[in-house]
Structure formats: structure tokens, C-alpha cells
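This is the structure, below, for whatever I ask next.
Going by the order they are written in, the chains are A, B, C and D; count residues from 1 in each one.
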Amino acid sequence: MTPLLHLFALASEGGEHGLDVVTDPGGFAGLLASWAWLIPVVPLVATFAIVLVGKRLPWKGWELAEGSIAFVAVYAVALLIANWQAPMAVEHHVTLSRIDSLPGLGDLVLEWGWVVDGLSIMMFTVVGVVGFFVFTYAKGYMEGDVRFTFFFASFSLFAGGMLVLVAAPNLIQLIVGWELVGVASYLLIGHWWEDHDNNAAAIKAFITNKVADVGLFVGVIILGITVGSFRISDVLDAVAHGDSAVAQVAFWAGLALFIGAMGKSAQMPFHVWLPDAMAGPTPVSSLMHAATMVTAGVYLVGRMFPLYQTPGMADDVKIIIVLVGGATLLLTGLIALVQDDIKKVLAYSTLSQLGYMTAAMGAGAYTAGLFHLFTHAFFKGLLFLAAGSVIHGVHSNDMSDMGGLRRFMPSTYRTFVIGSLALAGIFPLAGFWSKDEILASLSHDAGAGGGAAATLVLWLAILGAFVTAFYMARAVYLTFFGEYKGEGHPHESPRVMTWPLWGLAGLAVVAGFVNMPGLTSSFTDWLASRVHVMGDHHATALNWGLAVLGTAMALGGIAAGTRLFHRDAATQQERDRLRIPVLYPLLEQKYYFDHLYMNGVVGPIKGPIARFVVWTNQVVLDGVVHAFGAAARLASRFVYGWADQRGIDLAINAAAAGTGEAGSVVRRAQTGKVQQYAGALFAGAVLLVVGFLIFG
Amino acid sequence: MIVNQFLVLGALLFSIGVYGVLVRRNAVLVLLSIELMLAAVNINLVAFGAFVDDAAAAGQVFALFVITVAAAEVGIGLAIVVLIFRNRSSANVDELDLMKW
Amino acid sequence: MSWYDQGWGLSLTVFLPLVGVGTLLLIPKTQERLVKATALGFALASFAASVALLIRFDFGSSAAFQFGTDLSWIPAIGSRYHIGIDGISLPLLVLSTFITVLALVYSWDHWPEPRNPKAFSALILLLATGMAGTFVALDLILFFIFFELVLLPMYFMIGIWGDRAMIRLPGFRREVETRLYAAIKFFLFTLFGSAFMLLGFLALYFKADPHTFDIVALHQAGAMGVFDGTYGAWVFAALFLGFAVKVPMWPLHTWLPDAHTAAPTVGSVLLAAILLKLGSYGFIRISLPILPQQAQDWAPVIAILAVIAIIYGSLACLAQTDMKRLIAFSSVGHMGFVMLAIATLTEAGINAAVIGMVAHGVITGLLFFLAGSMAHRYHTREMARLGGNQKVMPILAGILGFTAMASLGLPGLAGFWGEFMALLGAFNPLDGLSLGVFRTAMVVGAIGTVLTAGYLLWMLQKVNLGEVPDEWAGKDLHDADRFELAAWVPLVVMILAIGIWPKLVFGATEGAVANLIKTAFGG
Amino acid sequence: MSFTDWITDARNVVFLVIALVMVGAAVVVVATRNVVHAALTLVVALAGSAALFVMLGAEFVAWTVVLVYIGAVVVLFLFGIMITRAPIGRDSVRLDHVRRWPAALIAASVFGVMAWSTTAAFGGEEISDGVLKAENIGDLLFSRYVIPFEAVSFVLLAALVGGIVLARKDPDR
């Protein structure tokens, strides 16, 4: 007898609450690791709490969101320190449900769990710390918004979903987190849904991601079924052992997973949603671009890195990854040159930087790619918050309404410049170290088997460094220098918004110091402590040639920007057209990707194809049904009209006439007198009996 | 005693009852005739019961049921008669032709 | 409580609503409160009886038929009153009694015109008996009777309380009322299918040795391959028609949008939540185990039709302007996932099908509740005329958004598991089935999820978001009232509960499904 | 069995007497011009049937007939007669139809058919003379026949209610 309650029992079948320990830290660190499930759960619980009681709290739910993200930040930093002291890699699994067996394979187990290793701790830290600053800032930015409370509920869901994803030790949980992030992004991008454009952007983001998710689903299913387990550790075990079944499907699985990653990390050609996602409030953009959503793809590739790195597995996908990354980093960077919206400049710069990370992953540089993710999170978060502060001050996104703001908004100006320099990769800020490492990795890969693709992407990346510096210089000059061109009086943002700027600015300065080639290797060590790590390339000494070249490109970009935009910022738009006549329309139209998608895919599906299907339904299929009905009616009309009314009815009518006559005679017998009826009854009975006796 | 004597008596009483039902005009008398028919039926039932002599005593039990139902019938029948009389100031059956359409 | 476990519990669950119908007939129409309370009372009693079964159910042996009884019923044709539930029917049985209660709760204050609570709730209760009975019947004739029993109340619900808009039909000179068209279409379609189904049942009866209508006995006969060759193929085809119309599978689905759109709110809810499941349940309970060989032959066909339904339903949704019709077409797509899962003939697939059925019942049921309530307030279902609903009635719109998210398969909500597991099953169908067909089906099905997300988000955009059109400014449009909330909140909780804890369904089904697959397909 | 054999049995003599009384009473019931007389002679006929029941060993039925019919039903009839002001005089036209002969013919043929068929079916077969006690009848009623018994009690209840509803003066009129 197994009662109902058994459905609620965790780990029903014998110690399924499993613990995979690769490197057990033990002691307090071990305790921290085993309670790390709180990291994703606390923000999710906060989400529900905010929805339910948020409005009644003094700060309308903000305190719950802030508290939960602060908890995550503190916990993550504690884990980071513990990991620093003694590397750890721990997985916990709790069985949710178990479907007896897949044919020929093991049981299908639905699990929930959490993995605490260098990679996930790094991501926890990024989400927690950047999130903490952004949440703080958002209180000032969103003050007075109609849906303040709901905003923070979605925000917590956003962070919580990302943490679920990062903490996932199995692929199904990863999908759960992945989709939670997606839906939270939908809610946040479309936060001001009174305007249909914002909602359209939200839908665009969601649908684009959903298209890519087809890849993720397919990849996860292929891997999970082939290996017989959805645990990432089991999958990577099979990869490490060179399992032949896995090797057969590895290419397709790897490609499919990467397509999923391309969606979330907005790689070409799935990049179109990210610039539009600017429709959301600026803190959303900040968190989305820095820590949560777009990093998920890179994280996924990092988490599954051995699959791509092991020879004979999905290593053929790497060349695709590196090319996609290379194309994205340069092409989207170029678009940033022609944007007038300050947030769009930053958005395209994010795309470009994500291209760097992806290219690094494709070049086999696991550490370099994730290091850039790490540093980028801080300075890109900072840049968005600063941009938000500007927008808050001048009530416009358009840089042609700005100018000369350095006098009005000193804190914003200074932090924005710090962020821009970090992004441009100027020594010794964070961006320098990570970008340099990527260049070095690409260079190494070009020599080590990446071949022409890696070489090509290396040059694209170096060119990209110039472009990056150029558009950031342009943005800085247009926004903060020259004369103020907008209306009203710009003002510095309140303290609650400026101190997160300074906090992140500090991190943007120092974040690179954890991994200076030849000097420090803390970051490398963090990432090395994981369940499966495969030999990636990591530079042990500074590649002076590339460092100098990269820096020179960046300085060149800044110089070009200064030359073009410093003095005569007012006529900037005409200059764009003058200077790059061929490229400009192409860039302004974003290489016509949106046109292609809207007119080539979405439009036809929503329009002619959908209408055709409905036409099929209403005319063809229902036509068949109606034809049956009509045929039945015709047949009935024939049967009734001819055979019945004129054929049989002729006889019937004659009979009826006779009956009528007879009836008028016989009806006299119907007197209504009970006793006559009774008499007839008895007489009839007698006659019947007599009849039976005679004829029976 | 043979069974037939009871059956023939029953038939005779029943026929007399039939005659009464057919010929009487007053509704109360019609009901009385029906009682006569029911009594005849009871005689037949009990006689058959004694003839078959089964342990379940179906004949007698049926007779009892018939008596009960008859009592009910009389109750309702008289009520209807009273109602008709109240409405029409007459209890004559042949003045009622509601069954005619 | 042994009496309860030996048939009485199930019989009470099934027939209490019928007793309720009888009781309602004795109550004068004017005693409206009493009518409502009686109907709700009987529905609650039936629900309580099913919950008692849920509590007493032995999940350890969910493969066995429990709480059953097997009494002589129509000895002349060897049809018996054989009932019982296993892990597959248990969730569906509880769902059906549950939804019935919610339908009556919702109806408490929302009677469709022409207002007649007595007749309407009597029909709901009659429907409840038919639905619950289908899930417990273990005799083909009994199954057939319950299966058909649901037709009649639904026909009257649509035909009497349905949409009165006039439509023009080809071949008819005069316009007809939508409700009449839809009701007749629904009735004829289903009757068409069930005529074939009855033929199939008779064919099974005469081929089985000894002749029997007993489903359990037929399972064993089927596993031994009694129904083979062309004979079996014809029988499968006949059963297929019967069940496929009810599911409905493409291209037999065209009754569904009309019926759903025309039906009164509660009718749509019951239709979507339970009635559609009768078809897919029939596949799982009857077609697969009794005709395993034919099921394998037909599986690719079913899979292809299912995938067509997924894509086709989603595309049709994209072109809809009528909110209820959109949700109706979404059912075609979602049931496509259920059928794809069934076609895989694997444990993962059948489990996915059952959780998909439960999830679709809860989610689409709720969607129809919401669409009905909105149509009740706005007096239009045209999405183009709506907008900014989130401002006008935040609670209702919030639940609508939540449910749409569940419907598009958001993980953590009920809809995800059915979809994901169906795709999972399709990657690796039963040995011997064409991998090419099923893997293509998986990819196409996954693309279907994108389209699903598309039309639901567009629906939300049109209905919930944006500015309120001038037409509605200043109109008295109230938010969800307490009866609506009482009907909806339990569904919201169920969506969350199943999404977070799928074992609520899997825990019951897995044993039964494993046994089914092992017996039928030797897996 | 000859008539002599039959008539020499004392019981049959008793039967004959009772039967003749009953038939006579019955004829009076259907022929009298006084309604009250008709009711009272019905008592005689029923009493005769009770006596026959005793002869057939059906004591309980006999007493039931006496109690229910003679005690209750006839009283009911008398009330009915009084309420409907049925004619007690000699006005034969108001009590009977004019055309009696068709009715007599039908009645006679009914008798003929029934008498002939029973005679043909059973001839001279004897009746066994066992006596069934009221105790046994009671046992049977509450075991084997309990469901019909309950059903009949419902019928009585319904008749009770129906009688009240029908005969009650409608306060509206």
C-alpha cells in the first residue's frame, strides 16, 4: 500500500537525494555548498511574496527584492571566498519524479538540484553583485512608476530564473531556468505595455528566444536520451569516456545546444531582439546585458564546454561558434556607430562584446570567454546605469537631445567615462585584461588547429577593438561634451542612483586584476574547480605584441572619435552620412535583418500562411463537411420530393383519403363515454379468446 | 372440493360485476361493481393458491395485495367522484365525455 | 470501508451526479437557491467521493485496477457492470469531478441566457456522470454508453444556451444561428465517429474467444495477438475514427472551433477540459493495449497527423480575431502534442500524454472561463476591439496572462511537462517505429511551441495590453467577482502545483503506463 | 367425479349455499334501485367470499376481507353515497342505462368464455386442504415479499395523499 502522501515524498526510492562530490571542501565551506539551494530559491520566493504582499510593505516590495538579491550577493561572495581558499565542486540532486524506464535505456528521472563549483559560483557572484547594485539603483529609477511592485516581482523572477539556470546540475532544470529568464524578460521589456511598441519588443525577444529554444530542446533531448540521464555530469562523463553513442550524435547535439545559446546570447542571426529590448526600463537593460539573460548562452557553452572541446565529440561545432562570434562582434559593433539612442549604442556594444565571448569559447578559450563575461558584467552594468541616469536627467534617450552634460551630472559623467574606458580595453581597467586574453586565445587557436577561421576572427577582433573604442568615444562626446541641446534643466540623479554607479565603477576598475597573465591566476583557478573541466588554453604570460596592438587600436578609436565628435557635436548626423556613404544605410537598417524577419518570416506566417490555414479549415475541410451535409440534404430532398411525395405518397395519399373517410364514420364510435369503452373492452377480450380458441 | 367450482363462481361474480360496470349510471354504483369484480378475482387467486399449494403462498399474498390496492382505489375513486359531483352536481358517468376529443 | 473499495466508491463518484439530476427534477424551478445548492452539493459529493478514492488509492500498484467491481448487467450479450480505475484513469477521474464542481461554482452567478439554472445544472450533472463513467468503465458497452451519454447534454448546452449570432452557410438560403449549426455539427461529427467505434467494439466482441466486452480480458487477448491481420487493421481503423473525432485529430477537428465558440462558457470549459480527453483516453485504454500490432503500424500516421495538428492549429490561431475561437484552435495544437506522445508508444510518451491531458484540461478550461467572463463583460469576443484589459480588470487579466504563459509551456507550470516529454518520447519511440518520422515530428513539434508562444503573446498584446479603447472608457466593467475567483483560483493553484511537482500525476501514472507498455509491446 | 359424489361431500354443500347467497347478493348489487341497498348487499357478497377463504384455508385473507372490506370500504361507500346525494328512491331511469341488453350480452359472453376455459383447463381436479396460518403469511410478507409490500405501502400513502388533495375543498373557489 503506497498512499497518496508518497507523491509528496522527496527522493522516494532509496537515497536519491544524491551528492556528487568531486572536490569536497568540507567544514564550513561544505555547509555553505549544501545550503546553496537557497541562492535560486530565495529570489523566487521573494517574487511570490512581492506579488502577494508587496503592495502593503513600506517600500512596496522593493525591500524584499533588494533583500533577496543582497542575500544572493553575500552568499555568492562567501562561496567565492571559500572557493578561493579551497576549490570545491559539489552537486546535489533531489528526485522529483521517475518514469520507470525508457525503452532500452535507464529510467527517466526528473530531478532538481544545485551545483556549486567554480563556474556556478562565478555566475552567482556576477548575478548577485551586479544585481545588488542594479536593484538599488532601480529603486530610484522606478520611483513613482505605476507598477513599481510588479516590476520588482518580475525583477526578482528574472534574477531567480537566471540563478536556477546557473545552479542547474541537469539539463531539464537548465531549461526551466532558461525559460523563466525568458518569461521574466518578456514581462520586464514590456513593462510599460500601454505602448504597443514596448510590448512588440517584448514579444520579439520572447519569440526570438523561443525559436532558438527549439535548438536547446532538441539538443537536450538528444543528449539526455542518448546518455540515459539528464545530469550534466553524466553527459560529460560519457563525453570524457568517449562514449560512441554520444559521439555519433555529439555534433548535432552540440550544434543544437549552441543554437539555443545563440538565442539567449543574441548572436547573429538571433541578435535582433536585444536592441529592441531597450524598450524596457533601463535597470532591466542593465541587468539583462550585464549579468542575467545574455550571459546564459555563453554560460551554457561554458558548462557544456567539454562536449565542444573533446576531439571526436562536438569539436566540429567550434568553428561555427568562432565564426558566429567573429561575425557578431564586428558587424554589430559597426551598427553601434550610427545609433542616436544612447541605450542602443550600448545594446549594440553588448552584442559586439558577446561576440567576443562566443568567439573565445569557439577558440577553445573557456577561461578567456568567461573572464570577459565577468568583467563585462561590471562595466556594462555600469554603463547602462549611467545611461539610465542620463535619461532620468534629460527625459530622452536621444543623444541629439543631450550634450554638455558633464557640467550637470558630474558623477554620471565620471563613472560613464570609466565604464567606457574599461569597455574600450584601456590599461589597466578590467576590459583590457579580458579582451587581451581573448585575443591571445584566438591567436593561440589560430596556431593550434583553429586554422584560417581563427586567424580571420583574430583580425576581426582586433578591428573590433578599434570600433568599440570609436563608438564609445562618440557616445561620450555626444552626451557629455559640447552644448546642451535638449529642453529643460538636466539634473544629477539622486544618491540612491549614483552610489551604485560608483560601486560598479570601482569593480570595473579592479575586476581585471584577478587574472593578469603571469601575475595572478585566481580567476583561472576558480573556473578550474568544476566537475568536468577540459584542457582549455590559458595564457600564462602577457602576449606583449597583441596587448600593444589591441591598446593601439583602442587608442586609435578614441582618437578618431575625438577628432570627429569632440568639437562639432551638433552636426554629427550629417557627418555620418558624409563620411561613410555606402555603409551608412546598411548600418542604419541593421543589415536589413529585421526587414528579413518581419517581411520574410513573421509577416508571411502571421499573414498569408495563417490565413491560408484558416481558409483550408473554413473552406476545404469544412467544405467537405458541408458537402456531406449538402449531399445529405439533396438526397433527402430527392427521397422526399420525388420518391416519397410523388411516388409512395400517391398511394399513401389515396390511403389517407380513404382513412379520412373511414375515420369520419368510425369517429362516431368515439363517444367519450367510459362505459361504452369498457363494454367494447370486455367484448373485445371475449372475441379475442374466442378467436384464439377457434383459429389458434 | 374441486378447483373448478371456485373458478366458475369467480367467473360468475366477475361477469355480474361487468354487467354492473356497464349498466350503472351512478359512479358510486360503478365502483361497487368493480369491488365485486375484485372479490371474484380474489376468490380465483386464493383457489389457485390452494390448488398449487406452494410454500410461498403466492395466491394468498396476491389476494392481500389486491385487497390493499382495492382499498386505495376506492379511496381515490370516491375522491374523484366527490370532486366531479362538486363540479357538476351530478355523479352520473354517462354525462362525462371528457375522453372525447 | 471495504464496501467503499469494492465498487461503491466508484459508483458513488459516477452516479451521485445522476442522483442529483433526479433530485433537481423534483425541485420547482422557482426555488433557484435550492436548485443551485442541490446541484453544487451533489457535484461536491461526487468530488469528495473521488478524493476519497484518491486518498485510498494504492500508488504502489497503480497498474492494477482498483476499487473495482464486476457485476452481471446484461447477461444476454455478456456485458457486465465492470468498473475500476488504475493510475491512468485516476487523475482524469479526479479532474473531471473537480472541473464539474468549478463549473457549478462559476455558474452560481453566471447563468447563460435564456436563464434556467435548473435545466442547466441538471445538464452539467448529467455530463459529469458521463465523463466520470467513461474513465471508470472496464466494459466496452458500459464505456460506449458513458461515452455517448456526454453527447446529449452538450448538444443541448450548445443548442439552447449557445451563441445566437447568425451565420451564412453554403447551400442554405437563409442564415442560421451559430448555436444550432455548432450543436448539430458537434453531434453529427461525434455520432459519426462513435458509430464506427461501436462497430469496432462489436468486432472485438465477436473475435474474442469467449465472446466478451470486458476490457481487461480483451487486453490479455490483444497481448496474445488474437486480433491480427486485416481484421485487426479494420477494427483499429474503426476505433481510430471514433476516438480521433473526439480528440479531435486533424482533419476531423472542424467541429471543435465551432462548438467551442458557440457553447456557453461552462460548456466550453467542460468540453475542453474533459470531453476532448475521452478520445485520447480511449486510445490509451482501448486501442493501444487491445490492438498493439495495429497501433505500431498506425503510429507513424498518428504522429504525422498529430504534428500537422500542432502546426496547423497554431497557424490557424494566428489568423483568429475571435478570442474564444483562438483558444479553441489552440486545443487542436495541444491535443496534437498529446497524440504525438501517444503515438510514440513509449512510457515517456504515454506519461506525457496523461500529464498533457490533465494540464490541457486545467489550463484550457481556465482560459475558456476567462474568455467567457470577458465576453460576458465586453459583449464581444473580437480581440481587435479589446485592449488594456490589464488596466480595466487587473485580476482577471493577470490570471489570463498567467494562464497564457502556462499554455505556451512555460517550465514550472503544468503545460511544460506534457510538451517537453512528448518531444522527449518522440526522439526515441518504440523499437521498430520509424526514427525518421518521429525525429522529424520532434523538431516540427518543437517549432510548434514557437508558434504557440507567438499566438498567445499576440493575444495577450491585443487583449490585455496597450491603452483602453475609447469604446470602453467610462463603461462599468467590474473585475473578477468572488464566484469567478472561487472557480479560478483552484485551477491556478493546480497549474502551479502540477508544474512544480509533476509527480502529482506521474506518481499515479508511471506504474500503470509501464505495465501497459510491457503487456502490449513487450518493452 | 359425478355430481352425486360431489354433492355428498358436506363441504361442497356448504359451498353451494354460500355461492348461491353470493350470486344472489351480487345480482342485487347490480340490479337494485336503492344505492344504499346495493352497498349493504355488497357486504353480504363479500362476507360470502370471506367464508370461502376460510374453507380454502386462507384465514388471514378472510379476516382481512372482513376487516378491510366490510369494516372500512363499505363505510367509505356509504359516505360517498351520502356526499354525492345518490338517489335512494325508486327512480330506475336515473340509476341504470336504458340499454341493458348489450351489457347483459357482454357479461354473459364473458362468463361463458371464462367458465368454459377454466372447466376445460382444470376439469375436476381436487384442491388440497392445507391451512396457512397468519404467522406464516406474516413471515412471508416480511421476507420474500418485503419489497412489494413496501411498494404497496407507498401506493397506499400516495392514495391517502391523493384522496385528500382531490376531495379537499379548494379554498380559492
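Note that a contact is a pair of C-beta atoms (placed from the backbone, for glycine too) under 8 Å apart; a residue touches a chain by one contact, two chains touch by 3 or more.
Only a predicted model underlies this, so the values are computations on that prediction, with no experimental measurement involved.
Trainee: Average the CA atoms of each chain to get its centre, and name the chain whose centre is farthest from that of chain B.
Mentor: The chain farthest from chain B, judged by C-alpha centres, is A.
Trainee: With chain centres taken as the means of their Cα atoms, state the distance from chain B to chain D in Å.
Mentor: Comparing mean C-alpha positions, chain D is 7 Å from chain B.
Trainee: Centre to centre, by mean C-alpha position, how many angstrom separate chain A and chain D?
Mentor: Chain centres of chain A and chain D, defined by C-alpha means, are spaced 94 Å apart.
Trainee: When the centre of a chain is set as the mean of its C-alpha atoms, what distance in Å lies between chain C and chain D?
Mentor: 63
Trainee: In angstrom, rounded to a whole number, how far apart do the mean CA points of chain A and chain B lie?
Mentor: Whole-Å distance between the two chain centres: 90.
Trainee: Among the residues of chain A, which are close enough to touch at least two other chains?
Mentor: 675, 679, 682
Trainee: Going through chain D residue by residue, note those that touch at least 2 other chains and give them in order.
Mentor: 97, 102-103, 106-107, 110
Trainee: Who touches whom among the chains?
Mentor: According to the stated criterion, the contacting chain pairs are A-B, A-C, A-D, B-D.
Trainee: Of all residues in chain A, which touch chain D in the complex?
Mentor: Going by the criterion above, the answer is residues 675, 679, 682-683, 685-686, 689-690, 693.
Trainee: Touching chain C in the complex: which residues of chain A?
Mentor: Contacts found on chain A: 1-4, 6-8, 96-105, 108, 110, 172, 175-176, 178-180, 183, 186, 190, 193-196, 199-200, 202-203, 206-207, 210-211, 213-214, 217-218, 221-222, 224-225, 605-606, 609-611, 613-614, 616-617, 621-623, 625-626, 629-630, 633.
Trainee: Per the contact definition, I'd like the list of chain C residues that touch chain A in the complex.
Mentor: 54-55, 57-61, 169-171, 185, 189, 251, 253-255, 257, 312, 315-320, 346-348, 351, 388, 390-391, 405, 410-412, 416, 420, 423-424, 427-428, 430-431, 442-443, 446-447, 449-451, 453-454, 457-458, 461, 464-467, 501-504, 506-508, 510-511, 513-514, 517, 523
Trainee: Using the touch definition up top, name the residues of chain D that touch chain B in the complex.
Mentor: That would be residues 1, 6, 9, 11-12, 15, 19, 22-23, 26-27, 29-30, 35, 38-39, 42, 45-46, 49, 52-53, 55-58, 60-61, 64-65, 68-69, 72-73, 76-77, 79-81, 83-87, 94-97, 100, 102-104, 106-108, 110-111, 114-115, 118-119, 122-130, 132, 136-137, 140-141, 144-145, 148, 152, 155-156, 158-160, 162-164, 166-167, 169 of chain D.
Trainee: For the complex, which residues does chain A have touching chain B?
Mentor: Those residues of chain A that touch chain B are 670-675, 677-679, 682.
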